[in-house]
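Next up: the structures, one after another.
Each of the next two complexes has chain A plus one other chain: chain B in the first, chain C in the second.
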Partner chain A sequence: MFVQVLNGLAFGVLLLVLSSGLALIFGLRGVVNFAHGAIYMLAAYVALSISDRTSFWIALLTVPILLALAGLLIDRYGLRFLVGRTPLDMVLLTFGITFVVADVVQTVWGTEARTIDPPAVLAGTTDLGFATYPTYRLFVIAIGLLVCAGLMAWLKLSRTGLFVRASGDDRVTAGAMGVNVDRVSATVVALGFGLAGLAGVLAGPYLTLSPAMGTEILITTFIVVVVGGLGSIGGPMIAALLIGLVNALATVQAPTLAAYVPYLLMLVVLLLRPQGIAGRRTAL
Partner chain B sequence: MKNTRVCLGAALTGLMLSTAACSGGAASTSEQDADGPIRIAVVTPQSGPYAEYGAEQREGIQFAADEANANGGIDGHKIELEFADDLGTAEGALAATQRLVQEKNARFVIGLVSSPEMAAVTPKLEAWDALMIGTQGQSDDLTGKSCTSRYFRVTANDTAGVNTLAYWLTEEDESQWDSIAADYSFGQASTTGVEDTIKEEGSELKVKLFSPLGTADFGSYLSQLSGKGGLVVSLAGGDAVNFLKQGLQFGVLQKYDTVLVNTGLSAATLKALNDDRLVGALGTNSWMPTADNAETKAFVEAYTEKNGHGPAENVGNGYLGMQTIFAGIEEAGSISPGDVAKALEGLTYDSIQGEVTMRAEDHQIEAPTYVGTVKKGEDGKLALVATATIPASENNPEPNPACRLD
Partner chain C sequence: MTSSTTEMTAGDLAGAQPADDLPTPGPTVAGTLRHARRSARWQAVGWLVLAIAGLGAPWVISLYQLQLAQQAIVMGVLALSIGWLLRQTGQLSFGHAAFYGIAGYGTAYVAEHADLPIGLTLLTGIACGTLAALVVGLITIRVPGIAFAMLTLAIGMLVWVAGGQLHSITRGADGLNVQLEGSLLGKDVVMYGNPVEAWPVVWGVLMISMAVLWILSRSTWGRRLASIRDNEERMRFSGYATYWPRVLAFTVSGVLASVAGSLNLVTTSFISLNALFWSTSGLALIVAVIGGVRSVLGPPLGAVLFILLQNYLAGSGNHYQAVLGVVLIVMVLVAPGGFVEILERGFAALTSRIRIRRGVPGSSTPTHQTRGARRAEAR
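Presenting the complex of A and B:
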């Protein structure tokens, strides 16, 4: 039972890191970032190349930064010009990026499944008393929770965090009060891409790399954000862990239903609380 | 916000329409030139979870076409390949095949990977005056209750796969087994077959798990496995890689005396994992590059000389499919798909599997299947090395009675 909770936490934490990025970008730019899964996949592949040549630790540090830079560029030369246009233009841009990234990955790394070895110190299992559990998964849980705690603290306590929340609430008023909304948005998009990058690197030694990995997890991440509440950051965090845990437990207790669990959860939330666990009452 | 929803809906609907738009079923009107080239529609997934299988199929098909053209063609005809991406979906397969058959006049279809894709296309073949060779999908139904006069399969079906697996189940003396299988026809058929065989052997199937196709995290499944006796894995493609990798991380696979993988221990899987702890694992396959027969050896040698690396399993399957089209055309003395289909029924011909027969009753090939053990080669790479051959008379002795071809 405890092992299943750990299993749920490990996958939940991966969803947590991914969905925080997605929710951040939506909250501030109003963009449903279809490219989020592709960025996650790209990060995993870049991490594969870097850790093959140097070490996994260097990949863990550099890949999120590289992708945050990419996010900065996409915001500066893409999203910023589309503010005020129809949401479909945003969808076209982010959907387009998905196709481009998928083709680049297939051309550079090929279509076959690849794996990253965890660093030697995390490769074995750890005896927890009640069971032995892969050390790398414990590492993923710890890093994921730490990063999200840091993100929450940054949003709640820092000056930039205040600007982010203010711009998300009311872009125009925040701008009128002297907040440089474009700069805040760029920071948030970079952060979102960086978080997708982090999730990709963490997923490398945990799951298997394939060009389809981004699409597969993106659907679950969208469910997380819808269940958690569009426009909220804390809601998707709770929803990610909830979906991870419920999924792990359902796989054991009700295996035939397990595949439907995230969808059922979404259905229930949309019927009973359409704005999600912590969604805004008013439309953006 | 409301706008976002409306536009998202519109975007998704647009996507769905664009894939469905070209999947009508109009009959073909244009004729092929009887003296012209043999046009072959190579319909494979170029993206999605089966993209790697698609790439392997294309390599084998291309190699066969190049070889035939270099030798002056087949029955005096040059081979021309037309390619399309089926996106790994049934709708995509139908649209891509129809386009190549009707627009490019490529009446010989090959390369589709999964059974659901094939099942979407086979009912249309006769109306299009086309012929399809199945080089990978294993579903019994394709040569059973859904068989058609224009579909021929050159690889093992689910029953033959299970009968091959039975070799190891009876050979290995385990008092109990666990099983994990993909939750669709392949995994379900495999598990039922395994359970029956194990019962006959007087041992027991203790844990029986099914995972949905494309499962990313196998943690919850791994924690349910007992680690005692033997384990049968009926997963394919990325699922097999994922499961074996995570199983090694959890230390679960190492606990079993025997790990037996139905079809999934392919060259691509072993290359992706590249983990010495897999040495000694047992596997089965419809064809293996290490199979002990002269024709396989000659093919592997010629292929390696040209490409600098050996063929993966599905490269061989694609090549075998092309050999079947060629044998049918030579027998018929015609490139009309109808004539070739008639010629193929009951035809015995030479292939990389040695002498094989295309069974007339259900269009299922009668060919050997193989069992093997994972070994580390001199080059330091892992390979599933064939250790025994299961003859056609044992792996799939009876035509499927559910198949009515007329």
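Presenting the complex of A and C:
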């Protein structure tokens, strides 16, 4: 039972890192980033190559930065042109990116399933007193929670965080008050892509790498963000942990129903409360 | 066609877009009416010419190309259903794969377990898909914007998961080979496995779908839908029902997706779980946008372009995904109205040049619109 809870927590934390990136980009740019799953997959594959040549730790540091840079480029040469267009156009643009990334990954790394070996320190299991548990998953939980705590603190306490929240609330007013909204947006998109990159690296030794991994988790991440509340950051964090736990427990208790659980949860939440658990405004 | 031409004029006047360039002094009511009637008449004539010319395709193109065209049309009908819903109600559905798949599996199930004539079997399948669309529409249609897209996505995925678990009926990812029996439209239904035999039916379904949607968009109901899309609250405030017209629109769109599903089953005799996966809707949506959703010509045109692109690139190392992605990105950035918009712009530029050469004054065409106006119109 405890092991199941920990499994749920580990998956939940992965969703947490991934969905806070998605929620950030949605909150500020109004973009439903369909490329998020593809970016996550790309990060996992790049981390595979880097950790094969050097070490996992270097991959953990460099991959999020590389993807954040990619995010900057996409914001500057893609999303910025679409300000004022319908959200649909953004969906289609990121959809296009998904196709390109999927093609690149299949061309460079092939279609067979791969795994990243965790570093030696994290490879074994840890005795927690009540159960022994893979050390790497504990590491994922720790890093994920740490990063999200950092993100929350940055949003609530720093000056840039204030600008981010202001621009998310009302882009025009924030701009009129002297906030450089374009720069804030670029920061947020880069951060979102960086977080997707981090999730990809963390998932490498934990899940299996395959060209389908992005699409699979993308839908779950959407569910997390929608259930948590579009436009909020804290809501998706709670929803991510919730869905991770429910998913892990349902897999053990009611295996036939487990596959339905996330979708049903989303259906119920959207029908009863279209703005999600913590969303303040109705979705665009 | 002519009766609908006269019916639509009042609606056309009401729906005349302010972004359409208004030369000073403003156009008279009679002038606008005349213009709308004339353009509608030209579109009807164009449709008729296309419908008749298309029937001759088997004599012009090879068997392989005909097979591709048939694929494109099945995809085009699905894209048409999603694109029409998007244009008419502004709502983006990722759940149409469910109706497409349910119609297919419904037909297959009835064909296997009940001894109905083939026509009735197909109708039952389409009815299954339509019923599913009606139920989904009833539940979801009030949800606005992106949340609607996510909700339909969730429902579509629920159906996909359910399809995977009902392995005894769907045979999962391995797929189901269906043997249809009986005589449909004077031919044994097995004959429709041959593209040449199937072509008149396939082409007919596409052309009729296009015509029906074209007429529906120009009906009072279609105009009302467009008004609800633009400002739902105001329509409600003005005393119009806003719920049922949209549910009906969603159902009509579901009927078309179901027709595409049945058409796919008749022509290929095969269906697999892939038909229910959300990427089926996603791809159809992309195709519709590349073609352009503002015209009923757009989505099928997009499907043809997609199949051509896929097929042409499949020979050269299978990079069609990347090229498709790039095409989509460029299209969204440069021509939000899709391929149809590019054609329209080209046509407008051509006619204005001809008029200038002839020295006809006052022939300002949409080419002279400002970029801002064009963008506003595209929205």
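In this section, the second predicted complex is superposed on the first by the 281 of 284 C-alpha atoms of A that agree within 3 Å, B and C clash if a C-alpha of one lies under 4 Å from a C-alpha of the other, contacts with A are read in each partner's own complex, and residues count from 1 in each chain.
Note that a contact is a pair of C-beta atoms (placed from the backbone, for glycine too) under 8 Å apart; a residue touches a chain by one contact, two chains touch by 3 or more.
Computed from a prediction, not measured in an experiment: that's the story for all the values here.
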Fit or clash - chain C, chain B, common chain A: clash
Touched partner set for A:223, first chain B, second chain C, both or neither: second
Partner chain(s) touched by A:156 [first = chain B, second = chain C, both, neither]: neither
Contacts of A:183 with chain B and chain C, given as first, second, both or neither: neither
Chain B versus chain C as contact partner of A:96, first or second or both or neither: second
First (chain B), second (chain C), both or neither touched by A:273: neither
Touched partner set for A:212, first chain B, second chain C, both or neither: first
First (chain B), second (chain C), both or neither touched by A:112: first
Which superposed partner A:104 touches (first chain B, second chain C, both, neither): second
Where chain B runs into chain C (options 43-51, 115-123, 205-213 or 241-249): 115-123
Chain C-contacting residues of chain A that also contact chain B: 32, 86-88, 91, 95, 102, 106, 230, 259, 283-284
Chain C partner contacts - residues on chain A that touch it in the complex: 32, 78, 81-82, 84-89, 91-93, 95-100, 102-104, 106-107, 215, 219, 222-223, 226, 230, 256, 259-260, 263-264, 266-267, 270-271, 274, 282-284
In the complex with chain A, residue positions of chain C that touch it: 86, 92, 139, 143-147, 149-151, 153-155, 157-158, 161-162, 164-165, 278-279, 282, 286, 289, 319, 321-322, 324-329, 331-333, 336, 375, 379
Chain A-facing residues of chain B, complex: 1-4, 7-8, 10-11, 46-49, 51-52, 54-55, 183, 209-210, 212, 214, 216-217, 219-221, 223-224, 237-238, 241-242, 245-246, 249-251, 268-269, 271-274
Residues on chain A engaged by chain B in the complex (per definition of touch): 3-4, 6-8, 10-11, 30, 32, 86-88, 91, 95, 102, 106, 110-115, 118, 123-125, 132-134, 136-137, 206-208, 210-213, 216-217, 230, 247-249, 251-252, 255, 258-259, 283-284
